[in-house]
Structures are given as C-alpha cells and as structure tokens.
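There's a structure below that I have some questions on.
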Amino acid sequence: MKFEIPIGPQHPALKEPISLRMTVEGEVIRDADIRLGYNHRGLEKLAEEKTWIQNIYLTERICGICSHSHTSCYVQGVEKLMELAPPRRGLYIRYLISELERVHSHLLWLGVAGHEAGFDSFFMYTWRDREVVMDLLEMISGNRVHYAMNAIGGVRRDLDDAQRQKILDGVAVLRKRTEYYFHIGANEPSFVGRLAGVGRLTKERAVALCAVGPTARASGVARDVRKDDPYAVYDEIDFELCTADTCDVLGRTVVRIKELMESYKIIEFIVRNLPAGEIAVRAPRKAKPNEAVSRYEAPRGENIHYIKSNGSDKPERLKVRAPTLANYPATVEMLRNGFIADIPLIFAAIDPCICCAERSVELIDARSGEERTVRMSDLRRLAAARRRASGLKGKAEWPF
Amino acid sequence: MSDEQIIERLKQDLGAKALELTHPDKRRIFLKVVPADLVSVATLLRDAYDMAHLSTVSGVDKGATFEVVYHFASPVMNLNLRVEVPREAPRLPSICAVIPGAILYERELQDMFGLTVENIPDSRPLVLPDGWPAGQHPLRKDWKHERPPEVIPGGKS
Amino acid sequence: MLKKLARWSRLKSPWILHLNSGACNACDIEIVAALTPRFDVERFGILLKATPRHADVIVCSGPVTRQIKDRVIRIYEQVPDPKFVIAVGACAMSGCVYRGAYNIMGGIDQVIPVDVYVPGCPARPDAIIDGVVKLLGKL
Amino acid sequence: MAVLRTFLYLLVYPGLLFLFVYGTFCEWFDRKIYARLQNRMGPTHTGRFGLLQPVADFFKLLAKEDIVPERADKTLFSLLPVFGIAIVGAAGLLLPVWNFDLAVPGPTSFPGDIIVLLYLLSLPTLVFFLAGWASTNFFSIIGGTRVLTMLFGYEVPLFLAVLSPAVLAGSWRLAEIAAFYQARPLLVLPNLVGFVVALIAVQAKLERTPFDIPHAETEIVGGTFTEYSGKKLALFRLMIDIEMVVSAGLLATVFLGGFPGGALLGFASFVVKTLFIIFLLSLIRAMTSRIRVDQVVLFAWKYLAPLAVAQLLAVILIKGLRS
C-alpha cells in the first residue's frame, strides 16, 4: 500500500519554496516527484527589457548565496561580446571575491547539513566562523551578501595593503577551524553514521544525468570548469581537483571541506601576487550583434550563461542555467529507496539554491498515474491514508 | 586534442550534415545542423567526442524561426549545436533517449516557447504556475503582459 | 491583571515562522544567521518554529510569485490568533528588482496584511532583530 | 485537617505548583547550558538571567487561540494534554525526597513504588502516540509511529539499568534503596555502567537530540505536536518539563544515593543532584546529531541491552559475595 507524503512549499528543512511529493511505503521512499515553479520570477523576460548595466544587478539577485558567481559569469560573457580586455588587477580582485564567496557558501552548507542531521552545535560553530568571511567581504565590498563588485570591464573597488593583510589573517584563522571541522566531519560517529550511505548516486548515473559540482565530484566524476575550461585567472593558479568516490552525502561533505582548503590556497596566491595597475576599463553602451557562452564554477557546480546581442543597448536573449537545476535529476535518483528521515539530508546534499534553479523547473520520470496535481496548499491537512502502510514486508510492486 | 584537431575530425565525421561550423574563440565551437539528424549527431558527440555532459538548451525567438542551441561540454571543449525550427511548425525531436539529463531543459522549451518536443518522456507544465492560460508562451518576442494591478495597502492608491 | 500578564508574555517570547515566497534566499540566510552565536535572537526568547501552529510572528521574505500566492494565504490562516507579519528585505516590501515581471505580484502586502517592513537587500541580521523589537514595542 | 493536609500535599508542595516551578527552572537551566555549549547566550532578557523565559512561553501559549483540526477526534485531542499532566504529576509524588525519615513514611512511600514510578514514566509515550494519531495530520502520524518504534528500543535497557541497584539494595522501596546507598557509599561504584545506560535511555525517553526523531523539526515538521497550539501545547510542554524532572529525580535516587539529611538539606541535595543529571543530559544533547529510527532500535539492542544485562550480572555477583 503506497501513499504520498507532501513536503510542501513551506517546510523547515527547505529554506525555499519547492514541493516534493514522495510516494512512500513505510519509511522507504519509492518515488519522488519534484514540482517547483513557486519561485519562478520570469527573469529572462525581464532581462530583455533592461540595459547591460541594469542586468548586472538583476543577475546578482538570482541567488543570495552565489550572487557574485552569476554576475561574474554574466560580465565575462558581455566582455567577450564587446571584445573588452579587463586589466589583470581587476580580474584578480574579481576572482578573489569569487573564492571568498565559495568559502562562505561551503561553510554555510556545512552548517545546514549539520542542522538537517540534527547536529545543531556543528551548525552553530560553522556559522560562527562564517562570520569571519562575511566580515572580510563586508570590508572589501561594503555589503555582506550582494557585493555589486562587478562592472562590465573590471571591478568597482580596489584593495589596499591593510585589507590584504586582514584577508591573510582571516584565512589563517579559517584554515585552522576547517581542519577542526574535517576532523569532526570525518569521524564523529553519530554524524558520520547519519551521512554514510545516504543518497547513493553511482558514477554512470551521475554522468548520464549531467550532475555538476560537488554532487558529481563526490561520485568520482572529475568535472570542474576551473580545470576543464579555465577562464581568466585560473590557468595561472595551481590547485587540485578534489573528488571522492564514496558516492554519498559523506563524500559530498568531504569534497566540500577539501574544496575549502583549496580555496584558501587560491585566496592566498591571489592576495600575494596581486598585479599593479588599473582595475577597470570603460565599456561602450551598445554591443554589436554577437553571441557568447560563458561558463563559471559556482560553489554548487557549473554555471552557464548564453548571451545574444542585437546591436542595441539591451540583450536580445539572456539564458541562465544555474547548477542546482542540473542536479535535480540526480536528486530524484538519490531519493529513490531512501528513508523518509533522509529526505532533508539528501536534498541538502546538493545544496539546493532553488531560487537559482527557479528561472526554470524540473520533473523527472515520476510515475505518471492519474495526474491529480495535489493542491498542496494545505500540506498539513492532507491525511493521505488513514491506515499506515504495512511496513517493508510484502512484495513491493515496482511502479514502472 | 587541440581545437583544430577536433574541428578536422568533426568535418570528416559529419561531412554534409554540418551546415555551418565556426570557431569564434578558444574552446568554443558553433555547429549548425538540420533538426532531422539532431539525435544522430548527439549520439556521435556523446560516444566519439566524450561530450556526455549537456550543459543546457537555449531557445531564441528570431521572429520567423526559433533557434535552439544545445550546449555540449567535454573536459577539453564546449560545443554548441544549433538547430533552426520554423515558427509555423515548431516541432523538435527529443534527445532524452541519448542524454537522460536533457528532459528538464526540453520541458522548459515547451513552456517558454511553445515548441512541441516529440516523444518526450514527461511533458507536464514545468515552470509556469498552475493557473497559467494555455496558449501563452512568455519568452516569445510578440508576447506582451500587463502588470498585475498594484494595490497599496492602507487605501493610499 | 491577566491582560498585563498576557501582554508581558507575548512581548517576551515571540516565536517566529520563516516563510519564503520566491526570494533569492539572501534574506533567508540572514534570518537564519540571526540565530547563530554572533547575533543570537534566543536572548530575546525568539525561537524558530517549524509549524505555523506554534508560531506568533511570520517572517516572510521574497516577492510573492503567482504560484505560491494561495499557499501564503493558507499558511497565514493556519497561524493561531494574535499573529503578526514582518516583511524582510526589499523583495518582500515591493518586489525590488523583479517588480513588473509577469509572474510577480509585488510585495507581500499584496497578499497578507503586514505589520513591520525591514528594508535592505538583504536586510542585515541586526536590522531584522531591530524590526522584531519594534514590532514588540508596537504591541 | 488530614484532608486539607493531603490536599495541600497534592496541589502545592510536591504537587503541581512545585513541579511547575521546578520544571520551568530545569527547562531554563537546560536551554542555558545548551546555548552556552554552542557559545551563544541563551535566554537572557526575560527576568533575572532569562529565568522567566519558560514561564513567559507558557503564559503566551495560554493566551493564544486554540485550534482543533475539524477532522480530528475532538474529545481525545483536547483530553490528552490534561491526561499527560496527570500521569507525570502522579509520578512526581512518588519521589522519596518528600518523606525524609524512614520511621514515619508519608502516604506515597510503599514497597514497590519504584515499579509504579517506572510504569508511570513509560505512559507518556502512549500519550504522545495518541496525540500524534488523534490529530490526523500526516506528519504527526509518522511522528506517533516513530515514538512507538523507539519505545521498543530504549524501554528494556532502562528498566534493567534502573532495577539493578534495587536488586543490590535488596528492596523495591525507593526510600530504602536511597538509605542503603547512603549507608554504604562505596557500593555506588559498581552501578556506574547502569548509570550510563540509564542516562542514554532517559535521553531517548525524553526525546532529546540524539533521539528526538518523533518531533524532528527538519524531517517531519512538528512531529506529534504539529497540530497542537495554544493551551494544549502549553500543557504538553509543561508535561515534558515535569517528566524531565521526575526522570532526573529517579536516576538521582537510585544511582546517586538519594537525598540524605532532613527537610531542608534533603531538598538541597535533591536540587543539586537533579541539576547535575540534567547537565549531563544537555551535554549529550549538544554533542551528538540525530540518528534514524531504525538506528535507534539497532543501537539500543546492540549496545544498551547487553550492557544492562552485564550490569545486572555484576550486581548479582556482588550481592552473592557480600552475603
């Protein structure tokens, strides 16, 4: 006997509105069906009515955590359209901010994973240390989250020596703390017990479903845009690609902590040999008809923008595909045969940034059955079935 | 495998099918194909050129035709496969058989542009809200929308 | 005397429910950051509650998209009676950058009555705490 | 006069009023320790050091609108909190701290009261399940079933661990057990293993963090209490506080040698020992993450039960050697 439990638009585990309908048998999930659309703001249609400069602030507000990655990806594409060459110092500062943002995003994710697993002290500790990075970002750009550092042709603020020294001290403190978290993440029995073996995604399925970012790298797929298609500064910096092959949430935790250590190395490299010179170059108002594809390694995975211009000062088409959207088919794959208790963990494992993915939405081959779009507005009232399922025994008939 | 070698191999493998092959920038190739052999080229790319990763599918409304760009990515190259579809008969074969991860981008095409993708495994509405009128496709150039009337709370309209 | 006691207790333990109606989750992260050691709202007795049944104050962020409009109304009805709404961030106040998009209804006040607006994109945690304190002062 | 005395006895001193005050104090103590362990401040602005925070929560909930879901079973739904408070209040009376001297025992100390106390302490689990079931909301049904699945895990080890010191003391009467260990403090040491097992089992009974699966916030929203609001929720929270006090009192009596000394000194040692146990419970709560329901049962039967049986064997051996 199967019944569906709705994890609806408003749920403590999900910081954002997404609705999952799980077909559940006892505590085992048989099938997942993700319905988004709650967060769709029609961004691409809006982008066609704004000028190039206004679009920077629009793309920045796609997502609160990876705001700098969307603007960098957008600005890279526009600079390619307009054949602009931003000065080296501007590029270095831009990618310093992007690495700091990766640190802040990964620390945030570690806290959320701890909270999903019920380990609130870990959540409190990681978020307390995240404040160190937030202070650095605020010192550089003036705002904690939306930095508005990017301009077409470079960066808007410069770094002086006092700030560079503060960054180095901050990174030193963070490196010590991250080693402490690596120690906890790797061998705190109840935490590891909770993460190991949850949300399995084999390597073939990860490749077939085009998973990106730490989710793919934790299944052994070595795919990182900074290595495959190094943009601007990354071909000069040496850093390793962190992968794990345990294919589960524990692997994703390990990959993210290793990436934190790599980011510290990159930040120190950038701050130490920051070239002198200008930080930005003037950009023309109009762009001649052209098209550009720009790719960027956001904290959650590969971020791709396809920009097409038609000679006017407004883009003809701006296509944004955020990393979370690519990870959704993989999420449904992981949810199958998991436990109800694992839903928030598996879902947090891909570090969903639903507002990113929300410019568009996803549904994978959920069992069709009669298409009764469960009006989940009142998810707490929905008592799917009076009698509880008969547990795991009995022949589980496969939905397909 | 440098860019030039890949272009040579592509020319030999595709021959007449490649209507247009441009190489505007390092690690970027634009290839234009007729919709009919979209699936065969996709399988070829996936098997021979290790381009199993489909980054995304972008639709562009060019007035008379819809242009659909498939962005393939491999560890060394980013290839963008371009397909033109006339506005009157917006039909497109689905490549979910070749790359299962493509289902979500094709469904977005259906919602946003009204392109019908044949034998797509699951074609329910995707991004648009439940109560969205059927014939409306927001990203078409000729689609205009009126802003919902704003009511300022507290009577000061 | 009972009224004074009820008023004192409402002032001293406002339980919040976080509602995201299409936000870019910058404000959500700042709301959750307000719980962490540096800002720690539990000093004022504020707890982040999971169900609308237990909450007094709904902290909402994000412009209301058309799809989630009736969910927001439904959840507003579920919260037991002396309830308040705080709109956090420019999106919740007016739809911010997304004003005028075809899928956006504008701010939260188009859907449910709002008591306190906290400006900022994203609103800083200390601004959010100041918003809650001002709301309590209004009580 | 005797009626007034027992009436006063029931309602004021060891009864509901005292348990209410001491329960809220323990909740404040627990929240403060838990916050300090995560180096944040915890409630500070209500009352002296935030002491009145639980009281404020209680009265605020009393003043809130009380919603009963229309498809729920009305009578059961509203009766359960009162029923819960009654159970836990009765359990509170049995603690030996009120009848100070063995010579003239009060009405609530009789041979076999440890069995009654354990029985009364396991009834709240049934109340939680019924609460989850009566509120017909999907998440609370799952919460209710999880409460029961966990019950099978920690119940047996708890009984074994708590009864082994009673076996050593050779009596089923809390006051006598306490007196036995007060006379021979050295005999407390062999019971330490039982103490650890009982601590973990009580942590599971009170559904605190490593085992707070039934009302896991992130998974099933509110768990058994998803539907409750207003007065009923206030009573349920009070019930959990009092249950914590009574369990801590039980552990203190059996494992830490009761509460020696007359009225005043006995009460002081009662406070100190229960706070020490609550401190340990908060420590466990701060250090571990939540584990799954099946892992709880697995953990209970793989580690807790064998340890409790070993403890019982050790106690029987010592009893044999001593006699």
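Structure notes:
We just call them A, B, C and D in the order they show up, numbering each chain from 1.
In the analysis below, contacts are C-beta pairs under 8 Å (C-beta built on N, C-alpha and C of every residue); 3 or more make two chains touch, one makes a residue touch a chain.
Here the structure is a predicted model, which is why all the values come from computation and not from measurement.
By count of C-beta pairs in contact, A-B exceeds the other of the chain pairs A-B and C-D. Chain centres computed from CA atoms place D at the largest separation from subunit B.
In whole angstrom, the spacing between the mean C-alpha positions of subunit B and subunit D is 61. Look at where the CA atoms of subunit A average out and do the same for subunit B: the two points lie 23 Å apart.
In this assembly, the C-alpha centroid of subunit C lies 35 Å from the C-alpha centroid of subunit D. Distance from the subunit A centre to the subunit D centre is 43 Å, each centre being the mean of its Cα atoms.
Multi-chain contact residues of subunit C, defined as those touching 2 or more other chains: 36-37, 50-51, 53, 65, 67, 78, 100, 102-104. Listed for subunit B are residues 128-130, 138, 145, each touching two or more other chains.
Shared interface positions of subunit A, defined as residues touching 2 or more other chains, are 12, 37, 40, 42, 45, 124, 128, 358, 380. Under the touch rule stated earlier, the contacting chain pairs are A-B, A-C, A-D, B-C, C-D. Subunit C meets subunit D in the complex at residues 5-6, 8-10, 12-13, 36-37, 40, 42-45, 50-51, 53-54, 56, 78, 80-82. Listed in rising order, the residues of subunit A touching subunit D in the complex are 5-6, 11-13, 27, 114-122, 124-125, 128, 188, 190-191, 193-194, 339-344, 380-384, 388. Those residues of subunit C that touch subunit A in the complex are listed here as 18-30, 32-33, 36-38, 48, 50-53, 62-63, 65, 67-68, 70-71, 74-75, 78, 91, 96-98, 100-104, 121-122, 124. If you check the complex, the residues on subunit D that touch subunit A are 37-40, 69, 71, 136-139, 141-142, 145, 209-210, 212-213, 216-221, 226-227, 286-295.
Looking at the complex, you find that subunit B touches subunit C at residues 128-132, 138, 145, 147-148, 150-151, 153.
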